[in-house]
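One structure, pasted below without further comment.
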Amino acid sequence: MTERADGRQLDELRPVTIERGWSSQAEGSALISFGNTKVLVTASFTNGVPRWLTGQGKGWVTAEYAMLPRATNDRSQRESVKGKIGGRTHEISRLIGRALRAVVNTKALGENTIVIDCDVLQADGGTRTASITGAYVALADAIEWGRAKGFIGKKAVPLTDSVAAISVGIIDGVPMLDLPYVEDVRAETDMNIVMTGSGKFIEVQGTAEGAPFDKEELDQLLVLGAQGCAELTTQQTAALAAEK
Amino acid sequence: MTERADGRQLDELRPVTIERGWSSQAEGSALISFGNTKVLVTASFTNGVPRWLTGQGKGWVTAEYAMLPRATNDRSQRESVKGKIGGRTHEISRLIGRALRAVVNTKALGENTIVIDCDVLQADGGTRTASITGAYVALADAIEWGRAKGFIGKKAVPLTDSVAAISVGIIDGVPMLDLPYVEDVRAETDMNIVMTGSGKFIEVQGTAEGAPFDKEELDQLLVLGAQGCAELTTQQTAALAAEK
Amino acid sequence: MTERADGRQLDELRPVTIERGWSSQAEGSALISFGNTKVLVTASFTNGVPRWLTGQGKGWVTAEYAMLPRATNDRSQRESVKGKIGGRTHEISRLIGRALRAVVNTKALGENTIVIDCDVLQADGGTRTASITGAYVALADAIEWGRAKGFIGKKAVPLTDSVAAISVGIIDGVPMLDLPYVEDVRAETDMNIVMTGSGKFIEVQGTAEGAPFDKEELDQLLVLGAQGCAELTTQQTAALAAEK
Amino acid sequence: MTERADGRQLDELRPVTIERGWSSQAEGSALISFGNTKVLVTASFTNGVPRWLTGQGKGWVTAEYAMLPRATNDRSQRESVKGKIGGRTHEISRLIGRALRAVVNTKALGENTIVIDCDVLQADGGTRTASITGAYVALADAIEWGRAKGFIGKKAVPLTDSVAAISVGIIDGVPMLDLPYVEDVRAETDMNIVMTGSGKFIEVQGTAEGAPFDKEELDQLLVLGAQGCAELTTQQTAALAAEK
Amino acid sequence: MTERADGRQLDELRPVTIERGWSSQAEGSALISFGNTKVLVTASFTNGVPRWLTGQGKGWVTAEYAMLPRATNDRSQRESVKGKIGGRTHEISRLIGRALRAVVNTKALGENTIVIDCDVLQADGGTRTASITGAYVALADAIEWGRAKGFIGKKAVPLTDSVAAISVGIIDGVPMLDLPYVEDVRAETDMNIVMTGSGKFIEVQGTAEGAPFDKEELDQLLVLGAQGCAELTTQQTAALAAEK
Amino acid sequence: MTERADGRQLDELRPVTIERGWSSQAEGSALISFGNTKVLVTASFTNGVPRWLTGQGKGWVTAEYAMLPRATNDRSQRESVKGKIGGRTHEISRLIGRALRAVVNTKALGENTIVIDCDVLQADGGTRTASITGAYVALADAIEWGRAKGFIGKKAVPLTDSVAAISVGIIDGVPMLDLPYVEDVRAETDMNIVMTGSGKFIEVQGTAEGAPFDKEELDQLLVLGAQGCAELTTQQTAALAAEK
């Protein structure tokens, strides 16, 4: 029988906390934890859109992801010091942006821009999925801020659904949910799943790090992932229902 | 009934050609076409490995992807002129490298490095999948070059399998194989599938560009992709079987 | 009579909190707040020194300062995205490093390197002085970590004193202590004072933003600053005395 | 008697081929070979000019040159990866642009911009001269494209002449035409000559790599170069006369 | 008794020369020497202001500082070659700009921009203070140029005072004025003082490089610095009084 | 009859001055003027060679060229601020390096490196030719410095000849020598000629900026250039013969 590093069940998430409204500066924000992984997400609302989008009556949502240099066990050099952004950072920023845009009706958002910043304060696996999950909460609050200020119509529905994300993987042939760093490095297959609150797929990214995987394993991972996303959806709903 | 832009069947690949050994300089090379998409792949073999890998008896395979500025319909600024590599370029380079390493036994490769360069001379959708498919041919030839020079053992088997890749997508609710640019921009869901010659998955990357997708659609796309990869495997085998 | 924005006395600090050991990854860390200004400081300990210092039996302490893009009221572009570090960032990083090195006996530290990262999570004036004050706590813990691991001698005294910093300024001709952002932008003269726990000056940086200042004003600012640093020293001592 | 590496006469060009219209995307294009040197040239036509030229009734022609990383015998690092363009690349890009502009009447071109991209797919000496020679063909086709689209007047004559270029050099005291790489590295003097179809000089760049040269040697090189350019002019004319 | 490296008194400046109008291109310029330290300062006058300042009826003064690679005893790599500006360069550029703006009435300057360039041709300590002192002369001449051209009102008084700067320091416990490089590297405390011609402080930057300093030492340094600045003010006045 | 802007004869140089030993820091230096063009050249001598040359018993000479931002009539942005070096700067740096290496016997120089810095303090045409001409003087002095220090053999002859350079051009069909900026911008053909003291060519770079040129014009330019270089050689000899 497979024992997990922290004693969890194979289909069990790490403790999740969402501190909504952590920032006193941003229009929406959340400090989200998946176990020891902690991400500070802010949503910055600006009335108006980038020049290339002007006059189309549509809004824009984009995201940037970064890690503090000592979020990880060994210190990494800052990307600002290197003078360039690495491939991994680019890839995750693009993923977060795509995931959020998949639940945004840009017409209903109107000519407004929301920039999501996901800064990993502490990293222990699953930073991209925690970022997406927390970003949805910050985004929802920024939209309500824009509505309160009159930048978004009173009855407009810019969010068509909610979005959450989780990682799954196969270790020693066993599929399991929400991998911390120690499991992540051992996984033969690693998959990130992004789903809507209504249970459809937005993004499925499965990678064989060790042995290639077959259809049956893929199906098992998708089931685990769907379950994890559903639980995260519940948490997001609770966070957004609370008084701010 | 859905008609495709170029009259193909839903499960039909565009014409594929592989000009093996196109370069007189590189240890392995291929000019691969998927319809109007043309990618020049070279494999550069170096005896020795990067410093961080020295002394472990293992080799290294990595890849870089780029597009000529006028590969596309509108000219893009060169990344060398911008002074930095974009997120899309980084992401595809990393994907190609991971895909190839998934079929390489680095112990059998020995302390040798192979750098794959995929330069898109003309782009019409599917440049990343054409790159991976052509890269396998260039890689195989570079390995044989290394064996002939004595850098790789006579009986070593550095390649554990072959690898090919294809794109699939859903347009107007209809899943189809190998999307050219005009179809790609219209797709609701876009998926890239990387598989071994023996039919297992190395990478599955599905993205909802429009509507989220469900499990049934995902399954249909996987079937189409598996069929396309199998056909590409046949073409790779034929190219490598020919006299160089 | 001058009223301060938040009702404080002219010589009163904002509420100060020091969450020592905030990070589970770093050898030393502190989340320090001066009112709404919040800085996460980590101290990364490495056995060994940069090449240019090797073989001299001396250690090295350096610092990097940065702000999250939405730490401020308006979002700033990331320096990693710009591809270069701004003058202000450079200047503050250098100041923090100098301030810490002024209380470090590098011989007693031995050939070890400590890198301090000060990341401003939320900014409301005084980010550089909060950084220095929090950095001392993180540094002290990293040194004890190094001693516990045997990298620093049991009886070595790498810290010759403590260090704290505070801002002072003149608004409408009135000197006052610890300026938040709303006061900082109105100040005619702005001064940052870095002092040892024993009450000596490490750095005095006074700048006339509006009217030039005279010796009497300078003296008043120095008195206020010395008082503020003394209070911060008390807080640092308390934080370090607590169980971690 | 001097034998050349490939058995050519001293005043003999390597085999030249010009595949006009190689690209299905660009308004003008050519894949040109001087022996093993292969350059893909595209000409991108845009109606309008850069801001600094607006409103003067004049067009603009510029060029960029680059090499694929494995165009050469040893792989070079990509300039996009280095984050900057090398001196040699800059120098050749500027040379190509100047050479083309010398035969362009910018008034007759009207407010249109043509960007020439010369990408070296395989390098064996003479890449800059092959680039210029191929660029003329691509430029001529792009101009005709602009005329067909109505961006250039029906009777306008934007091209005042044709332009071609060739290298010459002195090896062991013997002047010779069109040096491949193996000869180029041995040459005492290396000269690139750019001429109009009517036999006048646009650019003469002679460099003593080994011994300085005298007037008599210079004159011999100019005669050889003029002969080579004349032959290339014939080839350009033939390529442009053929059906596309 | 403390002997100085060059035999000067403790409160004695090095020989100062100001070659006003050195450049035949710039609207204002000065080649200033503090002993072996030589800085070429130019002031470039442009009618108009940066976009962010347009329409406010105010001008803008900014400064850039740099060193030639062999200004120092060992050659430094050019910042243009490194591709980025170092922290020290940034810090000094900002200091010079602040110092000059402290004596400029931007309303009286009108919507004009003056860019000050301070290029150190030879460095022997005190390059930032020589830069500020020379910059005032160049700035004054550029303003008069602007007045002569009619860009500045005939009776406008853009300069509210003059500005000069000097370094002071403590070596072996002894405060002294205007440190050359050999003294600068030995100083326990190093201070740069920027003052108006009327004797008020614009900037006081004192740093403990070795032992922290106390209030009494600080006061002694301020006295020395004030005396040095007063002498420099006299020299500036003389330079500006001379026929150009 | 053609009148020149400054009343000179067609074959007359502008006043040339060479202040040898201008820098008190560099091993060799010269402040050279060609009329209003002023270039500060320093030669930095280092015992040892770059890694790629180690152990071959040969030395290395290289050059860097740059302009101060206000050397020209309009201020240019610093290349350090832009973060990259422009094509023109690269091209001229490479030219100066090649010109100097053409008169250096690297075996006789031994494993020593000399870096030439040519910084244009004021620009009025001919900055690259003034740089080369001044660089020879600085180089010669740096070599003698190295000999005096024992890094170069007492009887070694690292310099095989001297080198000087001048510009020539055709304006309104008339060839003339040493063009200042006002003539340079009007020239139909512009040529830079680099020659040895013994009258041989090192580099000939002729460019048709307007009308292409023919062999006869080329010959006239070469005659003028040879005469100019001969005069510069005389000046170099005089400068080097004087007591330093």
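Each chain gets a letter, A, B, C, D, E and F, in the order it is written, and its residues are counted from 1.
Quick note on the criterion: a residue touches a chain if its C-beta (ideal position, glycine included) is under 8 Å from a C-beta of that chain, and two chains touch if they have at least 3 such contacts.
Predicted, not measured: the structure shown is a model, and the values here were computed from it.
Engineer: To reach chain F from chain A by way of touching chains, what is the minimum number of steps?
Structural biologist: 3
Engineer: In the touch network of chains, how many steps separate chain A from chain E on the shortest route?
Structural biologist: Minimum number of steps from chain A to chain E: 2.
Engineer: So which chain is farthest from chain D, going by the mean of the CA atoms in each chain?
Structural biologist: Taking each chain's C-alpha mean as its centre, the farthest from chain D is C.
Engineer: What rotation angle superposes the Cα atoms of chain B onto chain F, in degrees to the nearest 5?
Structural biologist: Roughly 120 degrees of rotation.
Engineer: With chain centres set to the mean of the C-alpha atoms, which chain is at the far end from chain A?
Structural biologist: Computed centres place F farthest from chain A.
Engineer: Which whole number of Å gives the spacing of the CA centres of chain C and chain F?
Structural biologist: That pair's centroid distance is 51 Å.
Engineer: With chain centres taken as the means of their Cα atoms, state the distance from chain E to chain F in Å.
Structural biologist: Computed from C-alpha means, the inter-chain centre distance equals 33 Å.
Engineer: When the centre of a chain is set as the mean of its C-alpha atoms, what distance in Å lies between chain B and chain E?
Structural biologist: The answer is 59 Å.
Engineer: Where in chain C do residues touch two or more of the other chains?
Structural biologist: 83-85, in rising order.
Engineer: Would you mind giving the ring's chain order, read from chain C onward, with chain E coming straight after?
Structural biologist: The cyclic sequence of chains is C, E, F, D, B, A, beginning at chain C and stepping to chain E.
Engineer: Give the list of chain E residues in touch with chain F in this complex.
Structural biologist: Checking each residue of chain E against chain F gives 23-26, 29, 36, 40, 42, 44, 46, 64, 66, 68-73, 75, 78-85, 89, 115, 117, 119, 121-123.
Engineer: Which part of chain A faces chain B closely enough to touch in the complex?
Structural biologist: Its residues touching chain B are 84-88, 90-91, 93-94, 98, 102, 161, 195-196, 198, 200-208, 212-215, 218, 222.
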